[in-house]
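We just call them A, B and C in the order they show up, numbering each chain from 1.
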Amino acid sequence: MLRFIFKRILEAIPVLLIVATVTFFLLHRMPGGPFDTEKATTPEIKKQIEAYYGLDKPVTQQYFDYMKRLVLHGDLGPSQKYFGWSVNELLAGSLPVSMELGLEGLCFALFFGLTAGVIASLRKNTFGDYIPMSFATLGICIPSFVTGPLLIIVFGILLGWFNTSGWFFPRDRVLPAMTLGLYYMAYISRLTRGGMLEILNQDFIRTARAKGASEWRVVWRHSLRGGLLSVVSFLGPAISGIVTGSLVVETIFDIPGAARFFIGAAFNRDGPMLMGTTLVYAVLVVVMNLLADIVQVWMNPRLRFDS
Amino acid sequence: MSAEFPIVTQHAGEIEPGHSLWQDAWHRLRQNKLAVIGGVFVAILSLICLLAIVIAPGSYAKTNLALGATAPSSAHWLGTDILGRDMLSRILFGGCISLSVGLAATLVSVIIGVLYGAISGYLGGRVDVILMRIVDIIYSLPFVIFVILILVVFGKHIVLLFMAIGAVSWLDMARIVRGQVMSLKRQEFVEAAVALGLRKRQIILRHMIPNVLGIVAIYATLIVPSVMLLEAFLSFLGLGVQAPMSSWGTLINDGRKTMEEYPWLLIYPSLFFSLTLFSLNFLGDGLRDALDVRASKD
Amino acid sequence: MQFVSSFHSLRRIVCCLGVLAILSLLPGCGKRETLVEVGDREQILHIGNGTEPQDLDPDIVTGVQEFHIMMSLLEGLVTEDPVDLHPVPGVAERWDISPDGKVYTFHLRDNAKWSNGDPVTARDFWNSYKRILTPSLGAEYSYMHFVVKNAEAYNTNGITDFNQVGYKVIDDHTLQITLNNSTPYFLSLLLHHSWYPVHLPTVAKWGDPYQRGSKWTRPGRFIGNGAFVLAKWRVNDVIEVRKSPTYWDRDRVRLNAIRFYPIESDDTEERAFRAGQLHVTLTMPPSKIAYYKEHNPELLQLGPYLGTYFYRVNVTKPPLNDARVRRALAMAIDRGSIVTNVMKGGQLPAYNFVPPGTAGYTCRTLLPENIAEAKRLLAEAGYPDGKGMPPVEILYNTLEYHRTIAEAIQQMWKTKLGVDARLVNEEWKVYLDSQRSLNYQLCRAAWIGDYDDPNSFLDMWLTGGGNNETGWSNPEYDRLIAQAAATPEPKERLEVFQKAEAILMQEMPEIPVYFYTRFFLQRPEVKGWYPTILDNHPYKYVYLEAPKK
């Protein structure tokens, strides 16, 4: 197992390197720089500012400087948009928020998605199938920038149960988590239903039923792990997708998360921030995929013997 | 699925007509009421949208500033927007655009994904490892940057929007096709083809690809709605279709800003959008159930 | 079996998830006290402040949101009157002006202190001005100081001895500033944050004071001389400032704290206001103005704002290199319709460039909206009824009403003149780049005045001016602007501006559309907060008076 993990980490390093390089050179092809403002500055002043950030050097030189600073000091550089802060500081403050939001959204999605998927699989092709699945599919049929404000208006303003924005009190987590979770709920319910159906069609289930096992036991003890398998393999990429996927939620609910820095960096041409968030995102993908694979192997012994 | 084998069952005295696997699948699909309703809905909607373009082109762009936003009435069945444009025309035209974006992007991702996955899966070995690593790398790239770059460097044509979205959606398709091809590779008809001296290219093109089309069709039906959702997300960021053209994504995004004052600007585009996505999703699910194919995952 | 037991724990996890999910959905019991109600009681003001500030260093930042926060933390030689923003004594308690109007002598008060107890001296101001004019800092607002003798030369590396620049420290509490010309709006200039003092020892402690990158603006490090001190700064979350115990006028300050919330989306901000989370918003969605006018007019604040919304015209390429074409296009826009039907914010249609009433100046040369005349001009230029005229491109950046206005104008030109216009939408940075490199034909733009004087709007059109960005050049115009700068008599000076703007309106390198208004929401308990033309509100006059129940 350890060797497996080690091998994957080694494989990840060239991937991360390529991601960093490609992003860096892509960024420099884009028109517009971080210091273009509506009220134009004189060329001399612009030159001064760019000199401070090293933007006047040739691109390859900037690349090596950046990589050197990153690898030797773990320093992602100063933000070119938020002058007073370094990228490390900004990410250190915002990533935990995004992670918390993502996890809470996933909890919501997992609970309702699993339930919907299980019920649907047990009542295939009847209303007991259609209704939970329709409800679950809502998440991928209505954009989250519509469901978010709707939830805010109903629960925040009309009923007054929650604040409409901000991330200050524990209660503020509820509506954003729901909005985020609705999207993943759809996929989770579908995967659960599919996985459950696969298992339920198998002989050993028929045997269990023939032996007189209660429906509850059939589901809980025998079938659920099959349903969960595909969900687990989906979770890996899903968790890393939350960093960008939560952009809408973070904007509408005004949450100080990392997704806003991520997308903002692209629009602001903030090089170090873009590099920083991209690398974090890439690391997250690698780690989550690795974790998902480990859990899959742990849950499904058959996979251990596949090369 | 593999080649068709007619199944003949013999009852005493009569011979039942044979059913191919495709026919069985079609029969199962018909039983799934949701999928059928979904398919029919999408077909009819597409027809209406096309008709709208043919019958009244340009009606979506006619402004009437003095009128402004008005609720649905007999003159304008679905109301008007802030510039006084008829919402029914805009929604139908937007539907045309959104569906085209969906189809075109899906087509791009299918073509790239199938070819890529088939080659990677069939050739295996070193080539497979490298190709799949490239997929991993692209997965980790920031999507928005990629789209902005394309839209900026090459201009803001709608065609490029399709391509940009398609260029990022082929990854899952490639993985799935690769998985399928790898299991097909071990079957006997392939050995036979190799023994007959067919070159690799011919085997890939003539045997692998036709046999994965079933699974491709399923995932294609599921890619279309996710592409449409992505287009809505790009509209939210301001990178979507340009004025005065509209897509459902831009209409919904505009509508949500005035959700409380002019609710019809949000309700009707969202309704069309959601119903279409629902239908496509159910159709895709139904297809998958009907063909009883295991979702292959790496 | 190991697998089964691990699965049992998995089931337990799933159960916990479920319980959590249900618990999280339970709403709070009873009606909660809103942030605003708490704030009213404790004199804490909650303000929506738009985007997250880039920094709080007054010499480096350029944005309005940053200015709003810095106004609470720092105070310049003069400060503004809360009602009409005219300059009143700040750190300087009085000043003398020489007869020729070129030398100002400021007498600083004895009890002005920094937040660490140090007295505020003339040397502090001298140090701060040296910092902002030092070329290596790359301060974008250094040009605000160019009215001072030799300031521009120092900033552009012409001279290297700062003692030659027109700032002189007479003694600890006397600062003398020598200008190039008599500048009647000089005291208004001093209201801008580029004239704020910084505590140089603090800046030097956390970095190089003459380079960017000094991290002195954090809570706990920031030393200021304003009515409030920086207490908390969580990026994208909130910035909190608390009443300063060392401010010289602290007895007048009634607020205990101010919390600035960086809420970028205007509908999120409006919802927050409605839910009782904000006292004052920065702006509001224009589509909701009608609703508030009808139902809650006491919450709505509408006021003029020193800004013009216009289209820049690239005069270097045909067909727009012909002034007649430009005037024709300008005349064919129905501004009243745009303002009433599209904007709905009480904006003023603009028939010239400088907002009327700016420091007593109202332009007399107004653009007529005359379709017949427009058609005649177009025909004279060789495009009768728009025939033969190639389509023109309108460039705009991706934001709400830019597109709507561009679409409306596109329709107007098509129906009234037969001219085809194509709309091009570019993302913000690309748009800025296109504008700067003259890669456009018509381009949506806005200009907000830095200070209350027509010069702030007119000197941008000088030949080669950094904010000209149209390729337009007129030597007579340049001469008139320079003449205005050298004219000490105010009325005479405004007359020169009239002549200059007349040229501008004749040649139309820009097509004005409307003058901005400010509209925002304000709760009735906020007192001492008046709608001002630059949207500046000195916080020491603001207080909360909850309505009697």
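Operating definition for what follows: contacts are C-beta pairs under 8 Å (C-beta built on N, C-alpha and C of every residue); 3 or more make two chains touch, one makes a residue touch a chain.
Keep in mind that this is a model prediction, so the values were computed, not measured.
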Winner on C-beta contact pairs when A-B is weighed against B-C: A-B
Furthest chain, CA centroid comparison against chain B: C
Central chain (by mean CA position): A
Centre distance in Å when chain A and chain C are each reduced to the mean of their C-alpha atoms: 36
Rounded Å distance between chain A and chain B, as computed from the means of their C-alpha atoms: 23
Distance between the centres, which are taken as Cα means, of chain C and chain B, whole angstrom: 46
Residues of chain B engaged with two or more neighbouring chains: 148, 152, 260
Residues of chain C engaged with two or more neighbouring chains: 267, 427, 430
Residue numbers of chain A (touch at least two other chains): 30-31, 149, 153, 267
Contacting residues of chain A [partner chain C, same complex]: 30-33, 36-42, 44-49, 51-52, 78, 81-85, 90, 93-94, 104, 107-108, 110-112, 114-115, 149, 152-153, 155-157, 159-168, 171, 173-174, 177, 220, 224-225, 228, 251-254, 256-257, 260, 267-269, 298-299, 301
Residue ranges of chain B in contact with chain A within the complex: 31-34, 133, 136-137, 139-146, 148-149, 152-153, 225-226, 229, 232-233, 236-237, 249, 252-253, 256, 259-260, 266, 270, 273-274, 277-278, 281-282, 285, 288-289, 294-295, 297
For the chain A and chain B complex, residues of the former touching the latter: 11, 15-16, 18-19, 22-23, 26-27, 29-31, 125, 130, 133-134, 137-138, 140-143, 145-146, 149-150, 153, 190, 194, 197-198, 230, 233, 237, 244, 248, 262-263, 266-267, 274, 277-278, 281-282, 285-286
Complex contacts: residues of chain C adjacent to chain A: 3, 6-7, 10-11, 14, 17-18, 20-21, 24-25, 27-28, 31-32, 52, 54-57, 60-62, 135-140, 142-143, 156-157, 211-213, 215, 217-218, 234-238, 261, 263-265, 267-268, 271-272, 274-275, 277, 427-430, 432-434, 436, 445-446, 466-467, 469
Parts of chain C lying in touch with chain B, wherever the complex brings them together: 267, 285, 287-288, 290-291, 337-338, 341-342, 398-400, 403-404, 406-408, 410-411, 423-427, 430
